[in-house]
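Letters A, B, C, D and E mark the chains in the order given here, with residues in each chain numbered from 1 onward.
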Amino acid sequence: MNEPMLFLPLIALFPFAGFLLNGLFGSRLPKAIVSTIALLFPLLSFAVVARAAWMVHGGMLLPVAESGAPTWIAVGGFHVGFQFVLDQLSLVMLLVVTGVGFLIHLYSVGYMEHEQGYWRYFAYLNLFLFFMTVLVLAGNYLLMFVGWEGVGLASYLLIGFYIDRKSAGDAGKKAFVVNRVGDFGFLIGMFLLIANFGTLNFHRIGTQLAGHPAISGATATLICLCLILGATGKSAQIPLYIWLPDAMEGPTPVSALIHAATMVTAGVYMIARTHALFDLSPTAMMVVAVVGTATAFFAATVAMVQTDIKRVLAYSTISQLGYMFLGCGVGAYSAAVFHLMTHAFFKALLFLAAGSVIHGLSGEQDMRRMGGLRKAMPVTFWTMTAAVLAISGFFPFAGFFSKDAILAAAFQHGTLGKALWTVGLITALLTSFYMFRLWYLTFLGESRGAAHQDGHGDGHAAHAHESPWIMLLPLVVLALLSVTGGWIGIERFAGFLEPVTGQAAMVDAGHTELFLSVLAVLVAALGWFLAHLFFGRDGEAAAQAAQSLAPIRRLLQGKYWIDEIYTALIVRPVQWLARFVLGWLGEWTLVRGSAWLMSGVVGLSGELLRRWQSGNLRSYAAWLAAGAAALLLFALAGTLLGLNGFADSIHWAVR
Amino acid sequence: MHLVLFLIFALFALAGAANLLLQKHPINSALSLIVVMSSLAVLYLLLGAEFLAMAQVIVYAGAIMVLFTFVVMLLNEGREEKTWGSHAARVVGFPAVVALLAVLASAILRAGRHYGMVSLSDGITTTQDLSRVLFRDLLLPFELTSVLILIAILGAVALARKDDGNA
Amino acid sequence: MNTPVPADWYLLLSAALFTMGVIGFLSKRSLITVFMSIELMLNAVNLSFVTFAHEWHAVKGQIFVFFVMMVAAAEAAVGLAIIIAIFRVRGTLTVDQIDRMKL
Amino acid sequence: MQLWMFVVLSVVKVAVVLVIFLTAVAYTVLLERKLVGRIQNRWGPTRVGPFGLLQPLVDGLKLFLKEDIIPSGVYRPLYLLAPLIALSCSLLSIAVIPFGETMRWHGMRLFVLSDLNIGLLILLSVTSIGVYGIALSGWSSNNKYSLLGSLRASAQMISYELALGLSLVGVVLRAQSLSLTDIVKVQSVHGIASWNVFGGGQIFAFLIYLMAAYAETNRAPFDLPEAETELTGGYHTEYSSMKFAMFFMAEYGNMITVSCVATLLFLGGWTSPFGDLLPPPQNLVVGVLGPIFWFVAKVFAFLFLYIWVRGTLPRFRYDQLMSFGWKFLLPAAMLNIVGTSLVLAFL
Amino acid sequence: MDGMILSLILVVPLAGMVAILLLPDRGKLPAWIALLDSLLTFVCTLHLPAHFHNQQAGFQFEENLPWLSRPAIHFHVGVDGLSLWLVVLVGLLAPVGVVASWRAVQKNSKVFYAMYLLQQTAMVGVFVSLDLMLYYGFWELSLIPIAVLTAMFGRNLGDGAAGKAALRFFLYTFLASAPLLVALLWLYAHTGSFDYATLQAAVASGTLPGWQLGWVSVAFLIAFAVKVPVLGLHGWLPDLFSEAPVAIAMIAAGKLGLYSLIRFHVELFPALAHRAAPWMIALAAIGILYGAMLALVQKEFWKLLAYATIGSLSFCTLGIYGFTAAGMSGAVLQTVNEGVIGAALFLMFGVLYESARTSRMADFGGLARQTPRLATLFTIAGLALIGLPLLNGFVGEFLVLSGTFVGVSRSWAAIAALGVILSAAYMLGAIQKIFLADGGDQQNGQAGRVARDLTGMETVTVAVLAVLMLAIGVQPTVWTEAMESALQTVTHSMHAQGATPVRMESGTVIASSMGGRQ
């Protein structure tokens, strides 16, 4: 293979350098230099990616795996290196990660301007980019796992960025631990891979599979289920989605970058990356599709009643990730990745716009205290509108194309696919509904800040202000991408990804698809209409509807009490087991008990022997004399028995 | 002549030792012990160990026992009282002593027939003989002994000194 | 005039002295006298060393006695210092009353 | 030689030496009184006999005839034993001192009671035993002055015994023998030039010995045990008549012994100061008496020094005495040993 | 130089000890001597890896001098790939311990540092001895300073807790070592030698009486398992960690026992160790979970560290008794890791305790602002402990787990891997309770106000350790390469005696594919 000089490691190492510089010296540097470092290195990284993309456009063949990668672990015959591979899939991901990543860095400069620990924030952000690029570029599972855990770490640090807030710390910990559950699955999956293939290299596993699949479907299913567990952790799917809503404790740009655009899509990326295995196991595929659909629907329902603007977006993210899983589950990997890309654009935009709103309202996140911001923040409003239209799936916005591709693929996937398509369509309705609800509550109507802020006169809206240009610029760029991002078309996109993800299951591109597209747009419009009905005017209708649906509403507001159930079923029993069974029974009774028993025996014998040690010199002398006499007698007895000397008699005695 | 001298001084030694046991006042015991040691010095001379004989007098009688008498004088303890603190000494100790003596005596008597005689004409171990071995073969132990004595001096000083703080 | 003496007489004397030393250790109540009994035992052993040195024409036997003397001197210095210290604290030198195993 | 002859000859020798020694003791006392008197610009004893020469006899008679008082509080056995120990140790040491030419008669040395390989060691051991006399006397007297005096004396003697013994090591090193005869022989060749004190390079050892010997004999300026102003009579406060005389004799006997040892070890013993400058005497009488003359002369010269010092120097304080002994004399004696060994080994 | 270096490493701490004992206990003088001396020791130990020949099998830097002729005890020392890094680790941790005690030990520092240096010699001795009697001597010697220093310098001397902890440690380890001595003497009686190679050959030859040999191997196993400690025998550990001075606690557990398990149980009695392996594997796997779960509910950080240590040491045991190459090298690497990470954590907890006089985590909170250096370095060490990739803990855990999973038992490996989740939970919990806001207020802990940050010297020390964590995590091959030939020897001899990887269940291993390289 010819090796064009791509400098792949640089993509990862530039942000790492930024992390080191800011992390080690940031506290002593002025803000301007911190910002420069923080922006420069992701930009350099993006430049390297862009150059690679340009070379691909110029006809360079993919994949490119740089040889001479340094060894990481080598024991016995097992060997893992720091091997970076660039192919179509990772190129797309890299463009998203570094491109959107850079924009969000830019935005953060404005957003975080007045925060304590400014340098720390950018150090973490660069660290995240480092791990994310490692994850994407990894040429084997283990290296991917490095990035996988690493982004988890960065996520943990950034969620807990506000170290004075207990809720932030809790959320960070929860995110990391829940992710670790997923990582457990990933680890076991890797062990199974080692056991079955003897390697963790994507390429080698791929060739082994392509040649003559040495493994049975059951084994493949086992491996895939383990990997799915990992993916659900990272991509916040049922059953491990619970960390993502809490993760909104972090600064909003972090939510945009990590918990919307990039990190959470790692699970999808991983499934797409390993699709060769998944293709062997219909069961696993079905699990992926069902999990994705269920998550999409479930999260969408919860999103309808959230009042915190960021939580709505968080559940929305979970829901959209469910779409991507659905795409993967029905074999439409390229559609899933396509949606991943467009979702990165519009969801990042949504978060950043929300951040702009929060920033404008000095930290207010509750939508019930917003409203009427359209005039105060026009740029934010218009970019947000583009994003809302995109996520709801209106033609010709980006979301339309990608979501449509996934639903179409699902529709063509047999009976189960039809059912999933139905749920997906309902979810699209819900999506449209809750996004427009957000839109109405935030930007339209009157300002409701005063109603809740009695004593403070007028609400936030009065002195709400538009964000500085450095925050608006990324909004505009992302808005453009949200509008145009889908125009590339699924066919061309799938065609580009084909070497990696295999032949897309696009059989019928005729009337059915057109019908489905139209149906989707109609459903989205219905959602808008419903939202307009409830929230567009005065909110009376909303109140009435809420009244009539009170039990459901409570269920939704309680988020189905999943957190509580997990606490009761898993966390509490583990703690109980640790504290009482292990702690009291094991540690206290058995271990301590044995120690006490032992010390008791020793103490008792000591007590007995102590009586011998009277402290009286003459008694000691008496025993000494007796001992000496006994020894001499013994030696003499030896001589009497005809032995030669003391040593021999001892030998004779112990024989 | 040798026999006479041996008998005289052996008798002295035994008598001194017995007196040590019988006397109730430590100073008398100490003086008895000096008699034993001096008698032993003569016996050493009879055995041809002239340097040791003198060392016995200088070190034991002249130095160690002086220390003993000094301490007796200093503490002025008086006669010892009869106390009954140790049962083991009577119950275990004295039978053990009897056994010890019996075993030693029988061992010596059994082996004694192999031993030679000691007479005045046997020749003398001169100081040169002694020092040749001491300073050539056993130089290291000798030096170690001097270190030991140095430590003992320091220890004695440290122990006997009155405490500065609370005395 | 020059009647020789069997070597084992010396040894028997040594054994007797040693035994008397042991008896002294066991029966004497004054710490100082007990200490003297120890010296008596050492002397008894020294005698047998010298006797054996004579018997086997080995100078090292005498050297051993020499070392015993040196060590005895050191021991006496330290031992008597300890006795003084004990007397200072306890006010008595009666062995049976000094059984606390510490000063 | 026959046993009886040996015994008879020994008894005769012992008798002669004892008589001379005791006479010498008595007249040393007279000498001291006379000399000190002259130093203090008075006459000293003059009444009894010509120049008071019979004074010692009268003194002895007085002490013999005095009532022997034993105080009631004393611990009798040791009280009686102590002066005996003191005197006998003093007399014992003269037994190994050779005071004349190494002449033999029937294989037996004439001018020494017993010539031993380890004469010097015997001297030292006897000196070390001598402590008991003083220690026991003070303790058994049951008198605080006595006890203090005897403690002082014992401590002083033990302390200075070390310096004394060590100062002799240089001499022994030079002679490579512990025999006093051998030590004298080494110094005999070139007369005064080969004496240890000059030619032998032992001048420092001699000075150390001198000072240690003064202390060892409890003489001024180290006479603290009997410092009248502090302790009335020191360890012999409770002694009177003959028992006191025994201590008295022991002290002067020790002085003479120490002088003899100094003569033997440092001043060439019985050899003439001219050594081989003079031809060896052909006359037997001169050959026998000459060495004895030299010996006696040197001893009396040393004694004169003793008395002279007593008449001139003030007394030490007790702590000065101890620190002088331990911190100056002992290290100096050790340095002397080191120096002597280095010289002997490398020169 | 190569012929003397091990003696030198053994002697240098002793010389420091003598120097400390001879010089007066004035101010920081003993501490400075100990620090310089331990740095010197460290430099000496660095000679070993610098001149070590990775490819060469057998022991290097060997010295073999007869010491006693009857019984035949030799001063026989040497290192191979297994012990190499452990010796260096001892050298590295020696100055760390001194730094950790710098402020904590004020009174009697002379005794402390003298004993501490003695302990260093003993530990090096354990790792390099090739004569079993010599080994036993060093082994016992290494136990004494721990007990004595805990009793003398423990945290709660007043209420006797320190003394009890010391006594408990003493009882556990000494009672367990007594059968070891008997077993050693039995071996000597039957072979006439204490030499490692001779004994190994004798055991391998199968001429020794079988059932007695079984007991001998059990005696060895128990003595070492107590010192590790293996689950169930860890009764001394939590108390000791709570009470012992930091510098002592950081060396009390782990490496000595683990090394001894490999060298003197697995390598010496492969066949018998093979029989014990299923038990050990089960204990280890359960121990990982057990330690992690108990760590999760601890309220005091010393106890947390104790149970975390039990968990992470169980990884090592798991690796050793799997008899797989990956597991073994993972275990040795993990032993080193545990030493490095544990030292860093101990030092930092020690700083917290020494300034706040409490170890209840609830008393702290929100320290991150006040003690940024401590918080940062603690987080790094904590992440290394719970096995974050690119830090050292991951490599060891991964090798052990993959070796176990592939070669031994999937179910046990999966159980062990569950520890990964729990460890994250307890470590992040600790970080949150101590360094992050843990209540409504900004600063809720009383202790938080008096806690101090790391001093310059401490920062440098922990930073060096942190860099080392990263270095091992990124380039473990540097470390594992040296072990390779030693492990091959081990596994070869084990396999020759029928001790192949323990199969605890059926599974498919494509062993041939393990041989391929990417």
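In this section, contacts are C-beta pairs under 8 Å (C-beta built on N, C-alpha and C of every residue); 3 or more make two chains touch, one makes a residue touch a chain.
Note that the structure is predicted; figures quoted are calculated from it, not measured.
If chain B is left out, touch-linked groups of the remaining chains read A, C, E | D.
Think of each touching pair as a link: the shortest run of links from chain A to chain D has 2 of them. Both chain A and chain B are touched by C.
Of all chain pairs, the one linked by the most C-beta contacts is B-C. Placing every chain at the mean of its C-alpha atoms, the farthest one from chain B is found to be A. Across the assembly, the mean Cα position most removed from that of chain C is the one of A. Closest to the protein's overall CA centre, chain by chain, comes E.
Spacing of chain C relative to chain E, judged by their CA centroids, is 52 angstrom. In this assembly, the C-alpha centroid of chain C lies 33 Å from the C-alpha centroid of chain D. A separation of 74 Å divides the Cα centre of chain D from that of chain E. Inter-chain spacing, taken between the CA centroids of chain A and chain E, is 34 Å.
Residue positions 1, 22, 26, 95-96, 99 of chain C are each in touch with at least two other chains. For chain B, residues that reach two or more other chains under the stated contact definition are 1, 51, 55, 63, 85-86, 89, 93, 97, 100, 104. Shared contact sites, meaning residues of chain E that touch two or more other chains, are absent. In summary, the structure contains touching chain pairs A-B, A-C, A-E, B-C, B-D.
Of all residues in chain B, only 85-93, 95-97, 99-100, 103-104, 106-107, 110 touch chain A in the complex they form. Per the touch definition, chain A reaches chain C in the complex via residues 613-618, 621-622, 625. Partner chain D is touched in their complex by these residues of chain B: 1, 27-28, 31, 34, 50-51, 54-55, 57-58, 61-63, 66, 69-70, 73, 124, 126-127. For chain A in complex with chain B, the touching residues are 614, 616, 618-619, 621-623, 625-626, 628-629, 632-633, 636, 639.
Chain C contributes residues 1-13, 15-24, 26-30, 32-33, 35-37, 39-40, 43, 46-47, 50-51, 53-55, 59-60, 62-63, 65-67, 69-78, 80-85, 87-88, 93-97, 99 to its touches with chain B in the complex.
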